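See the structures that follow.
Two complexes come next, and they have one chain in common, chain A, joined by chain B in the first and chain C in the second.
On to the complex of A and B.
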């Protein structure tokens, strides 16, 4: 019998801070960085400055994607608050919840239905129309960054896709017996569903970040020069470099640097996800008490 | 009741009031930021849609690279104005490093101006010529420059007039690096200039600006030394690449428009911002359909070698709706988008032919097809260069294809089918496809920068610029020696060369789609004589930005 796994319920994640799932991306990230550095050292045409440039461009794109991601999560928080307000308080989720969720999804689909280039062009038109009437107190880098984030958030039904998945996950979970019986155990349905919702959100953070990162190619292409922005991000640089120069050393080094950074973040999110899952599975759940302001439902 | 001491009270108040240590630190920081704000520096922004993978100063790979080279390197002479003739106050050429202005029979005895170019010598010129010769596909090689002792000579054309000789002497000067020289400095022409080569670049150059940061999509320059210029002088230059025309157009109308826009097509609107157009010779080009004599397919190869086919194809190209509409009226004049050139290559050349009537051509093409009796239907694919997407759009290319097929597929005769292939990649992919020998026809633009020698080299067998594979075997009269003789013969040689082209049709020249540089009205630049216009970035040391933009 191995001592470590003794007494651990089946399927419970390991206690190690870095699970098996986290090791693979971390190793791949390390390998990618070593390969990039090797090319820089071996190739006579390559320069060490490429690594720094690639890191800077990656950081720029990641910062934009991360801000968009944070705003997305805040938006999800607001939507959850609306859904909670629609929850009747006892029993299942009910028709009010279903109607509210349906309406919210319809609104989001409407806002997100156009491709990203439409939003980029709309922002450029806004820049042209407002022009010098925008207060000089607003720095141009801020205006450019805000435009990028707005365009990324509105990109191609992204919010609909993830928010729709979130709602359908909650609906499926609410039908399960252990959730339906919440009120008989002195708790509420939102308290149980919160765990599932948090797990879902944590699970999609990685794909969502990569999704947003990949869409920076459109914002970089369309918003180049808007509000005086000169620099472009890593994805657009890779796109342009492959188109104009083909598979050059520079392209490979930039790609490897991007891979290593994204894999590192991916591994970090995986570790956080594993830790949260373990916390839930071990029973240290955040709350099972009735929500403040909510109604405690009597059994029977 | 105990009373606290006054000093202690004061210290307590000091701690409790908002005017504490954090406030002081914040104030110092704000003052520091205010003092360090780049209010004194004037940045000039240059926008381009041309991608530059290599900014090497002697390879002249792109127009933006040439401009950066112009700002970062020295030269013997600088072309200041063109067109309209010169005046005493505004000469066509200004001395930069050369102290001697007289050029006789294409020869210049090297003497340098120590004020403008301190420390430069004959050995630096020799080093520059070594590097230029190292890169065979280099337009500075067209003049065949040679250094004999302290005398610099133009080898081609022989004994040129002063204007041609000084044009040849406008090449960028490099500084010979002192020992120990790393290998890449010794063979600079082999070095691809991109991120990480800033120090190397600055080591071999000593122009008014130095490279601060270089990348494939931007270059930032800063003034190397202070001058006696006013406060409004340009201290920094930022060259920015825009992948899409549309995006640059939006930026020109936006809050922070660029000060200079390079090679903006004539057919594209400028927008609401005030820009002054300039069309230097450096933007001279012609668009053509080239017969790719390196094609591997035997049937296509045989067809291209028929002079009669080349003539009929060229004329039928000129008779199409697209060419009629996009490159001017029948008189060859400028009508909006372009200028019809015919065999002339150069809008400055008077040899512009009339385009044939479609009805006459139909008869001639039918007769040709009947005589040749092509077995199976022949398909000729036309590879379109990526740079032409913004000039000839998809509908233009579709119309061109339709018109050519309508002419070359008459009823009752086995004809030739033309197929236009839209560009799918960048210039590298296009060059690889072009060299592969799979495509018999190439639709592309050749940039000759107003240099007759450049388009003669384009058709000279054995020349690096001869991408189409023209040789005496496939086109009568085009031998290396014969074209070389014409290149050396000066203006007479050009006339002779154009006559040969008109007889043999080695390439189907369509016309020129003019582009021009746009210079913002906010810039105060040196003027020229009446009718003349300044060369791009001429006298850049004296440029001033009259009205600033909103700060970044």
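On to the complex of A and C.
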């Protein structure tokens, strides 16, 4: 432990806005970008325009993945509200709550058993069928974008993997003594679990974004022709390039640009998670119900 | 336990309903097609259409007949709708065997690879090489997971396309590609194994004090802890994920499968859809338009009188039947029966309607391949859904039961 951190409780993140974990991705991102630029300068077959093209394609895929991520978090918010309603309706945790939550997850299993492309194609057919009835105010790119986002949300087993993990993490936490004793301390179980849930969601942001970014290959393939060949995302371009040209200069430049951007995002997420973790650990306390005549204190 | 059994029962019921619906539709399609096969007019383009079935019509006509011959040969030449239905199911089961033969070992290999990586990370940390351990973790965590599939895809293409002096078996090529599909989930399995090893650290430390070597230490941990906790779930999840990936690629653009080689069920479904699309591209809307007009004329004819039974009149009054080839076969049977009883003035109308609702060769191709493609899509969905549901009930629903 360094001198600066003396007196800090163990496990509390450093006060620096960018932790040591965050410096490494920044340095790697810089290195990847320098390497990409070097290849463009040195190789006789490479073009400087590749860098700009790779950046554009990466930005397009990232924008789709980010919008899908935001919508996914909103969807998780809705599912949490459903779980809370189940919890209230079933009178707390127990077999009835378990069965109700199990049914909810079983429906998600059924939806996630169809591959992502099925959703892309269903949305495209719907778009074709609606045809003229679509209001002119909605531009075509918006409709295609909506197809991509909705399909990414239904991506192969994604909702099940992350939301199922969320539910089982909270259920495991609910068996811990400090949570199980919540009602004797004048608080509620959801109040105690809220912080754990927020930390879980914060922890999966990075993997979730990378997961969604990966799946843009399928939305690009499924919407082939809708956007035009020049507007496919970076992952699909890398796939196609690897199939057609193998390990070419273009493939390496595109890969390095993608990696540098993704590493920058990891560094950004690290900053955000460090700051939020500090905030949780220093300032947040489990929410308490208003006490009635000091009964909670007596129970505690 | 009762809750989990209920869930398992519900999931099994959903899968059974899906399979039964798909099987029933396929049987009905074969029965409808056999009706038109018996009628000589069914295999020819009626003159009424003036040959206007869209550009390229006829180039694919007869594909159904060839397909039926193949099915009849594989079923022992019975030639009945039931025999053909059995032959399609037999083919599906053989392809299912191949698919499972590929994905089950691949699922196990993915889980094993994740454990080896996690053990190597732990070993590096214990030896004081924290930097190397962090680098190993970051190399799996940071890149978009799908990028790990690309080296495998390149290796498979190299094996298949460039390695001309060595004829790699097709199965090896498919295994490499499936390993690439599964590489997507190795990062997640790797994380789970690291967490599991972290939980077992006190156990590892105490075992290490006995002087046991590192390799034996991690092998013992694998045997006693990992095989009972995370391995079965990861194995099943890996297999499900590889199938989902193959399913996804086979809906849009399979990068690996060759039609002349043994196919997985997902690839076969893709090729049937391709056949249906090819037929539909040559398929004009004329038949439906004319059939609707003729059926409407027949329904409006007041002199038709007792020639048509109540049931037939009800069928005739629904011109959208022209879009449902299975129902049009029932209507054709009714009209043929009525043809003997109707008067001279209405005979022409009935004959015209009979010709216009009859399926041409292109119609039959579109019907058969469209239905086969749907059949494969539903059964393939079940193929993913059943192990996915089993994974949920066996491993993940336990936490819900203990709630």
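Definition applied: the second predicted complex is superposed on the first by the 255 of 300 C-alpha atoms of A that agree within 3 Å, B and C clash if a C-alpha of one lies under 4 Å from a C-alpha of the other, contacts with A are read in each partner's own complex, and residues count from 1 in each chain.
Here is the rule we go by: contacts are C-beta pairs under 8 Å (C-beta built on N, C-alpha and C of every residue); 3 or more make two chains touch, one makes a residue touch a chain.
Note that this is a predicted model, so its numbers are computed, not measured.
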A:24 touches, of chain B and chain C: first, second, both or neither? second
Partner chain(s) touched by A:109 [first = chain B, second = chain C, both, neither]: second
Chain B versus chain C as contact partner of A:177, first or second or both or neither: neither
Touching partner for A:124 - first (chain B), second (chain C), both, neither: first
Contacts of A:42 with chain B and chain C, given as first, second, both or neither: neither
First, second, both or neither for A:221, with chain B first and chain C second: both
Chain B versus chain C as contact partner of A:237, first or second or both or neither: first
Dominant toucher of chain A (residue count), chain B or chain C: C
Touched partner set for A:246, first chain B, second chain C, both or neither: both
Chain B and chain C contact sites that coincide on chain A, given as residue numbers: 221-222, 224, 243, 246
Residues of chain A that touch chain B when the two form their complex: 45-50, 53, 124, 127-128, 131-132, 134, 136, 139-141, 221-228, 230-232, 236-237, 240-241, 243-246, 248, 250
Complex interface listing, chain C residues touching chain A: 2-4, 6-7, 10-11, 14, 134, 138, 141-147, 150, 153-154, 157-158, 184, 187-188, 240-241, 244-245, 247-249, 251-253, 255, 377, 381, 384-385, 388-389, 392, 396-397, 399-403
Interfacial residue positions of chain A with respect to chain C in the complex: 24-25, 28, 93-95, 97-99, 101-103, 105-106, 109-110, 112-118, 121, 156-157, 160-161, 164, 167-168, 171-172, 174-175, 206-207, 210-211, 213-215, 217-218, 221-222, 224, 235, 238-239, 242-243, 246-247, 255, 258-259, 262-263, 266
Residue ranges of chain B touching chain A (in the complex, touch as defined): 47, 51, 53, 192, 194-198, 215-218, 238, 240, 242-244, 247-248, 250-251, 253-256, 258, 425-429, 549-550, 552
